[in-house]
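Okay, so chain A shows up in both of these, paired with chain B first and chain C after.
Entry: the complex of A and B
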C-alpha cells in the first residue's frame, strides 16, 4: 500500500515526517477499503436478514454477564451485538436512528442497506467509481420515495378497528403473536388515550410499561392509571383507599438538612434536651402539615425515619416511600397534583386525587405492587405485561413499543402503504423503468438500486419458506401486468397476494425513512477510501 | 483481501443449524439432568455449592436443582428461568415443566431435521396447546363441598414424590390444616416453618400458636398470661440525635458525666413512656441494651429484643397489634394480645410460644429431622405442598394425577392432529408424543415397563376411561381418582402453558450471538 508516500523530503533533501508512527497504525485505502467495509456491513445485514417478516426467527443474545436476551427487534439485536468493526458500528447507528425516529422497521433498514452495498460492490468490480454509484443511488432514492408517495393510501385514523389491524402487522413478527389481537388492542388503546388528535401529538412519556414475571402473556392488561413497583411504607397501613387525596412530596420525612454546611455543638444537658424536643416537634409538624392539607395518601420520593413512619401509621395516613423521579412526575400528571418540595408549601389545592388506590399481590411469592386507578387525568396509563419469564416480558415490552410507535406515526401522518414487500417491489419497478431514461453511468446505479429494493420481498419469501426467486419473479410479473401495487409476498399462506385484502399495513413515514436512511448510510460508506486504526489498542482485524 | 473482524475478540456468533443445535443440546441436557427426579420413585441429587464444598444440599426439587447449577448455555438458561417462574407462580411442578419443555424440544429437533420450518412447528405446537388446555379443562372437576378431602389428596400426591413420602399422611394433614387456617387468603407468610435438628420426621407438628426463636431478658417473667403486647421498632440502645450536623462537644469531665446522665434519663423516660402503655410484654425489632432491659425487669415486663423484621411483621399480623415507633399516645396505640406466652423446649432449644392468639390464621410448623439436609429438603417439600394447596384453594378444580391427565391431553391432541392438514399436523402430533413422555419417564424411574404400561394406559383412554392412570406402587393401570391420586388443575395448566411458551421461545432462535464475557474471577461451581 501507499505507505512510502508518507515520508517526504523538503527542498534541502531533509526528510520530514508527515505522519508519526506509521508502523503502529493499520491502514487500508482505495477500493480495498471500500470493499472491506462493504463486507463488514453485509455481514451484519446477513445476521438480521432472517428476522425479517412474520415468519422471521429470533436471535439469542448473551450479554457479557451471561444474561440472555431473545429478540427479533433489529435495533435491540444491533445494540447488544458487541460489534467492534467501525463500519458495522455505522450500521448499528443506522438501526438506532430508525428506532429513535420511527420506532419500527429497524430490521428492514439494515437489510436494505446491506443489499444496496452488495449491489454497489458488483458495480465497483466493474470499475465504476464509488462516488458515481453514490450519486446514482441518491437519485434513485428520490425516485423511489416519489413512487411510495404516489402509491400511498389515506388511513382512517378514527377507525379503531383499522388501527388494531395495523398494530397486528407490526406485532405479527414478534413472540407476542400468540395473543396478537389482545396486544394490538392494548397498543391502540394506549396510544389513543394519550394522543392529542388536534395537534397530532402523542406523548410517550405518559405510557408507562411495567412487567412482572409470572402468569401468561394473555394476562397482560392496560391499566388506566399508574402501577408502581412499591408498597405502603408501613406493613399495617390500609391496602386500599377509595377517593384518595394524594400529596406528592419530594422532601424526606426526616429532620431538615440545611444545604449550607453547619455544625451544631451540644455542650450541655439543656442543649441535649432542647435538641430532643426539637426533633420530636419536627416530626409532629410534618405529619400535622400533611394531615391538615386533607391528604389521605402521601407519596414521597425519599425515605422515612422509623419514627415518622409510625407517626404516619398512627395518624391513619398511608404513605409510599422511595418512589422514583419519573414515576413521581407521571403520578402528578395523572392525579392532577402538584409536586411539593417542602412540607410548609403543602395545601389543599396542591393535592391530587384518585378514585382507587390499592395493592395487588401476585403468585405465591410476596410480590406486591401499588396501582393507582380512576385518576382525573386519564391520559396517563400503564401497560402491565405478564409472561412466563423475564425474557418474554422484555421482548413483549419491546414489541409493544414498536407497535405503539406505529400507531403514533399513523396519528401524526395518516398516509399508509401496504406491506409484504409490495411497496418495495412497486418502487423497484418504477426505479428500473426510470433507469432507462438516464444517460450516463448513474444508469447502472439506478438499476442496482432497483435490484436492492427487491431484496426485501426476497428475504421475506425466503424466511417464509417460499422459493424466493420463483415467488419474486411471479409477483413482479403480476404487479406489472395488473398495475396493482398492493401485491406482496404471501408470507402466512393465506392464499392471496393482495396486501390490502390481507390488511398488512405499514406507515408511509416508516418506509420513507427506511429507504432514505439506508441510502444515506450507504453513500457515507461508499465515500470512505482511507481508514487508519491505531494498532496498539489491539482493535486490528485487517 | 484481509479477513474482516466484525465482533469483538472473544465474542462469537453461531448461526442457523449450529445455533439451533446448540440450543437443543443445552435444553435437552437440562431436561435429562432433572429427569431422574420425576415421580414418586424419582431419585434425589446432591448439590455441592461454594468453593470449599461446605454447603451440601440433597434435593429432588427441580427449581432448587436448576437454581444451584451454573448453566452457561443460553437455551438452558431459558429453561431454568421458566422453572423459577413456575416455582414462584404455583410452587410445584418445577421438574415436570422442565422435562416437558425438553421433550417438546426433542420432538421439535426431529421435525427440524425433516426440514420443517421452525415457525410451522411453533404454530403446530400452539394449536396443540389449545387442544390440550381444552381437554384438561373439560376433565377437571370442581371440588365443591369436599374441598378438605381433595386438599388432602392433592397434598398426598405432591408429597408422594418428595423426601416426606414416608410420612405423607402426617404431613398432608399438617399442610392441609395449615392452609385451611388461612381461610382462603393466600398469605403464606402467616405459616411459619421452624426447623429443629434432632428427633425423627414424624415428630414434626403443627403448633396453632406462634413460635418465636427468641427469649426474654434476664430476670424478666418467663410466663405471661393474658398478655398485652406492645410491638415496637425503636432504638433501645443509645437514642441517637437525628438532627443533621449535631455533635457533642464538652469541655470537662464533669460535663461528660452530666451528659451521660442526660442520656440515661432520656432512656429512662422512654422506658417509662413504654411502661405507661400498661403492657406486660414488649417486643422490639432492634436491640435492647442492658440498662433498659433491667428497667423492664424491674417493672416485671417481658422484653424481647431483636426480633428481626420479618418476625416483627408476622408477630404484628398474628397478635393483631401495631408496630409502633413513638410512645407519646398510649391511648391510641393498638396492642397485640394473646392468652399465654410461655417458654417451651424443642429438642435442645428453648423457644417462646404465643398461644391463644387473636388472629386464628397464623400457625407454626415445627419440622424435626436427623440432619440439616433432611430438614431443608423437608422444608422445601412442605413449601411446595403449601403452595399447591393455596393455589388450589384459589381455584378449586382437580384433575386426575399419576399420568392420567398427560395421557388424556396426549390422546386429545393426537386425535385432533388427524384433522389438521399440512405440515402443522406433524407438529401437533409431536406435541402429543412429548406429553406422553412424562408418564413414560415416571414409569422408567420406578423401574417399571414403561412401554407396556403407557400403551395400555393409552388404550384405556382411547376407550374413554379418562380416570385411568398408573399405580406406581403396584405397577399396574388403575382408576387413579378412586385411588385418591389427584392434582390441582391450576398447577397442571400452568405447567403445560409455560413449557410450551419456553419451547416456542427457544425454537424461534436461529442465531446466537455471545458478547465477549466480562473479565472476572473464575467460577468454581460444579457443572
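Entry: the complex of A and C
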C-alpha cells in the first residue's frame, strides 16, 4: 500500500513520478519497518552472544584479502564483519562507541540491546506504541542506573593487588587467560606509570605496544622505557651502552640543503674537489658537534648514507636511523631530551639519558630490536608482547587494550560493581519491583526491561555450560532471599556464587555506559517507521 | 482539405494543462506531505533514509527528510521550498508547514473538481490568511521581565525538542541551548555556536563549553612535550605557515660556490626562527594557526614551553577570536601583546576517544561550543539537528518575545475564529473560508494520529472546548488527554506559526494558480525523461 501511494496517475491514466528514481527505492513503513529492524538487530546480537563471559568462544574472521583475525572482542568482531544492513550498522556503531568511551564491555552492550529489542517486539505485538515502549525503557534505565549506583563499591585505587584482580576479570574472557596474572600486572603497571592521578587523566599515547612473533605469551614483558624495532646503523657498533647520553635528531646526517629550488654548476675539477671537500667537512663537523655535546648515542629520524655510517662507526658514535615520528616523541619524553632539528643547536642540555640501551635478539631468527631502559622519566613505557603467531599477538594486544581501559576507568572513577551478571540481576530485580508501582502502559515496558537485563547472566550461564534457566532462577531466588546483590553466575566453577569472594570486578562506569547506550540505541531503532533504501543493494533482513 | 499540424514545441516536450493538471499537482503535494506526516509531534516517528552512496540518515526534521527525498516533480518541489524557507527563516516547524499546506490543498481539491475557478479560491485564501494573521497578533502573549524571558526561552526550546530523539532529556538540552544563545552578542550570529560531536558516552555528558573547544589537530613529534594547561593564556591566532619551506614557489637559485650552500640554508632557517622568535617575544604562550605548523616549529615551541596547534579550521578560529579577543594575523612583523587574545583557562582533555583542546573563561566570551555525546554516530547527528532547531527557535524567540500555546491549541483557536468570521460572509466564498478553517485542524489531528489516539474524537472535543471559550485548550500527548497548554508550558514562539501560515498559504496559492506545465526534453544524453516513464 505504501508503495502504491507513491505512484500517481494523472487524468489520462498516465503515471507520473514525484521523487527521483523512486521506482528504484525500497520503502517499508509502519510496524513492518520496526519489526524488520528488530530482526536485523537481533541477528547481530545473536552472533555476539556466544562470546560473552570467561567461557565465551572466539570468532574467526577472514578479511577480503585473506587476513585472519581471531577475537572475542565485541567491537573488533563487529568492525570486521562488514555489516551491510543499515540497522545492523547501528549496532556496530553502538559497540564502537562503547569501545571509544570505555574500551571494555563491547559484547555486553550489543547483547543487551538485542535483548531489549526482543522484548520490545513482544510489546509491539500487543499494540503498544513504539515511543511509549521507548519512554518506558528510558524510565526503567534510570531506575536500573540508580540501583547500580546503590550497590556499587568504592575501590581502593592505591591498592595494586586489587587493581590486578580487576584487570584479571577483563582478561579472563580473552585468549591470554593462560598468563592471566602476568598480563593483568602488565596492564596495571602500565596504566599506573602513565596515569596522572591528580587530573584523573590517562594518556594512552604514552603506552606503546610492540609485538614480535615467537616465544610464549608468558615471555611478554613491560619495559619501563621504549622498545623500537630498529637496530644500530652499523653492525659493528656497540650493542650495549650503559648510562647513555642520547641525542635525538630530526635532521639528516648529510650536507644541509635549502628548500628553495637550487642548482650548483660544477664547471671544473677544482670545483668538484671543493664540493667533495665540503661534503666531507660537513659530515665531520656534524659528528664533532654530536660528540662535543657529550652524546654517546644518536637517534635520527631520517637516514644517512653509507659514508656517514662509516664515519660514525669510525668515530665510535653509535647511531640509529629511520626512527618514526611517534617513537621519537616517546623517546624524547622517556629520556627527558629535547628534539633537535639542527646540528648547530645541539648542546648538553638537550641530551637525554638512559640507564641502559641494548640490542635484544630473539630465538634463532636474526631479528633484533633496540631497547632503551632505565629512563629518567617513566611516563612513557612499552608493552612488549610475545606469542606463537601473529593472530595470538594481535588478540593479546586487543585484550591488553581492554584491560588498560578498565584500569584507566578505575583511575577516573573508582566505583566498582561485581561481575558475573550479578549487577544486572540486582538491577533487574529492582526494576521489576518498581514496575508494580507504575500505573499506565509503561509498566509493561518496565517489566520487559527487567527481563532484558536478565539476558546477560543468562547468556553467561549458557556459555559456561550451565543450564541457563535453572541457574538464573536459582540465583534470582537467592538474591531476593538474602538481599546479597553480589551473587552472580559461577562461570569458572569455583564453587561460590559470591562475586565479591571470587573477585570478579567490573567498573561502574562501564556498566552504566552499557545500559544507557543500549537503551539509547533501542529508542532510536524503535522510533523509525519509514525506511527508504536504494533497491540495488541486496540486503538481508527483508 | 488537409492542413499540416502546427508544431509549436519540440517533440517529446511534456505539456499538460487544465483542471487535470491542477489536480495532479495537488496529488503530488499530498504524496510529499504523506512522507513526512508521521514525524509530527512528540510521538512522531523517525525516517531512515539510505542514499545511493549508502550513507544512512535517521531524522525527524521535515526539511532534512525532504532534502534527502530528492523530489523532481515540479509542483511538488514547491513543498520542499516552503519547508526550506521555514527552516531558514525560523528553523523549526518544517513538518507542520508542509502538512498544513497539503491539507489546505486537499480541502480545495473538491472545489476544483466541482469547477470553481482557481482564482476565486486564491482570493478567498489570501483574504482568509490575512485574517488569520490578524487573529494571531491578537492571541499571542507578550512575555516581559528578564526571568520570565529566560523561562519562556527554555520552554520554547523544550517544546521543539519534545518531538525529537532527545525528548527524554529535553529540559537538560533546553537549558543548555538557552545558555548557549545567551552568550552571543546582539546579532546572535549562529556560527558562533560551535557544535562538536564525539560518539560514545551518555547524553548527559554533553556539555556547554563557555568558550571554544576543538579536536586536537594533527601534531608532529614534540607536541606531547608541550605543556597542556595554562591559566591566563595569551593566545596568538595566526594565518601563517610555520614551516621550513621554499619562500617562493617558482624561484631557483644558482650557486656558484660551495660555501654559499651553508649561507642559503642558514638564511632559510633564520626566516623561520625570526618568525618564531617574534611570536615568542610577543608573550603568547598558545599559538594557533590555520595553516600547518611544522615539526621544527613544534619542537621549537616545545623547547620554550609554549603550546601550538596547526591546521585549525576557519570557523573554530573565528569563534576563538570572538571568545578570546585578539585578531587573526597574517604576518608576524607587527605582532605584539595587544593583538593577542586572552583566555582564563586552557587545557587539553580526553573526550571519548579523542583529545580535545578547551579554551574557557575567555575575555570576550561571545562564543560557545556545544560538545555532544551519545551512542551511535547517527544518534549524535540527529541530536545536532534537533539542537540546531532549538537554537534557531531560541534566537527567534529572543528577538520576538511573544508566544502562543502549542499542541494544536493555537490552530484550533484560529480555526474557530475563522469559522465565526466565515459565517458573516455572504456567497460561495463562505464555503472556501470554511474549508480553509477546517484545514488548520489537521495539526491536532495528525498529532493524535501519530500518538495512536483517536484523532476525530479528540478534535471534536477540542472544538467543543474552544467554542466554550477555552482558547488554549490543546492536546497533552504525555497524558493523552485535553488540557490547557498554556498552563502545561507547551509554548511556541508565535513567529513560527506566523511564518508557517504565510508560507503555507503562499504555496497553496501558487500551486492552485498553475494551469499548465511545459517541461522541455532533456538533452539526448539525459536518457529517459523523469516524469514520463514508458515514453
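By definition in this document, the second predicted complex is superposed on the first by the 508 of 542 C-alpha atoms of A that agree within 3 Å, B and C clash if a C-alpha of one lies under 4 Å from a C-alpha of the other, contacts with A are read in each partner's own complex, and residues count from 1 in each chain.
As a working rule, a residue touches a chain if its C-beta (ideal position, glycine included) is under 8 Å from a C-beta of that chain, and two chains touch if they have at least 3 such contacts.
On a predicted model such as this, the values are computed, not experimentally measured, just so you know.
**Student:** Scan A:43 for contacts with chain B and chain C and give back first, second, both or neither.
**Tutor:** Touch partner of A:43: chain B, not chain C.
**Student:** Which partner chains sit in contact with A:265 here, chain B, chain C, both or neither? Use first/second/both/neither.
**Tutor:** both
**Student:** Scan A:255 for contacts with chain B and chain C and give back first, second, both or neither.
**Tutor:** Both partners.
**Student:** Tell me the contact category for A:235 with respect to chain B and chain C: first, second, both or neither.
**Tutor:** In the superposition, A:235 touches chain B alone.
**Student:** Can A:129 be said to touch chain B (first), chain C (second), both, or neither?
**Tutor:** In the superposition, A:129 touches chain C alone.
**Student:** After superposition on the shared chain, which partner residues are touched by A:66: those of chain B (first), chain C (second), both, or neither?
**Tutor:** first
**Student:** Could you look at A:313 and tell me whether it touches chain B, chain C, both or neither (first, second, both, neither)?
**Tutor:** After superposition on chain A, A:313 lies in contact with chain B alone.
**Student:** Which residues form the common part of the chain A surface touched by chain B and by chain C?
**Tutor:** Common to the two interfaces on chain A: residues 255-258, 261-265, 275, 278.
**Student:** Which residues of chain B touch chain A in their complex?
**Tutor:** 1-9, 11, 13, 15-16, 19, 23, 72, 74-75, 77-78, 81-82, 84-85, 88-91, 117-120, 126, 186, 188-189, 233-234, 241-251, 255, 258-259, 261-263, 266, 313, 316-317, 322-326, 329, 332-333, 387, 390-391, 497-498, 501-502, 504-505, 508-518
**Student:** Please give the residue numbers of chain A that touch chain B in the complex, ascending.
**Tutor:** 28, 32, 35-36, 39-40, 43-44, 47, 50, 55, 57-66, 68, 70, 72, 77, 80-85, 88, 175, 178, 213-217, 234-236, 254-258, 261-269, 272-273, 275-276, 278-279, 282-283, 305-307, 309-311, 313-314, 361, 363-367, 387-392, 465, 538, 541-542
**Student:** Of all residues in chain A, which touch chain C in the complex?
**Tutor:** For chain A paired with chain C, touching residues are 5-6, 8, 10-12, 14-21, 23, 33, 86-87, 89-90, 93-94, 96-102, 129-131, 135, 138, 201-203, 205-206, 250, 255-265, 271, 274-275, 277-278, 301, 325-326, 328-330, 332-333, 338-342, 512-513, 516-517, 520-521, 523-524, 527-534, 537.
**Student:** So in the complex, which bits of chain C are touching chain A?
**Tutor:** Answer in residue numbers: 16, 18-21, 23-24, 27-28, 31-32, 34-35, 38, 42-43, 45-52, 54, 56, 58, 60, 69-73, 76, 165, 168, 199-203, 220-225, 244-248, 251-256, 258-259, 261-262, 264-265, 267-269, 295-296, 299-300, 302-303, 349-350, 352-353, 355, 374-379, 382, 451-452, 530-533.
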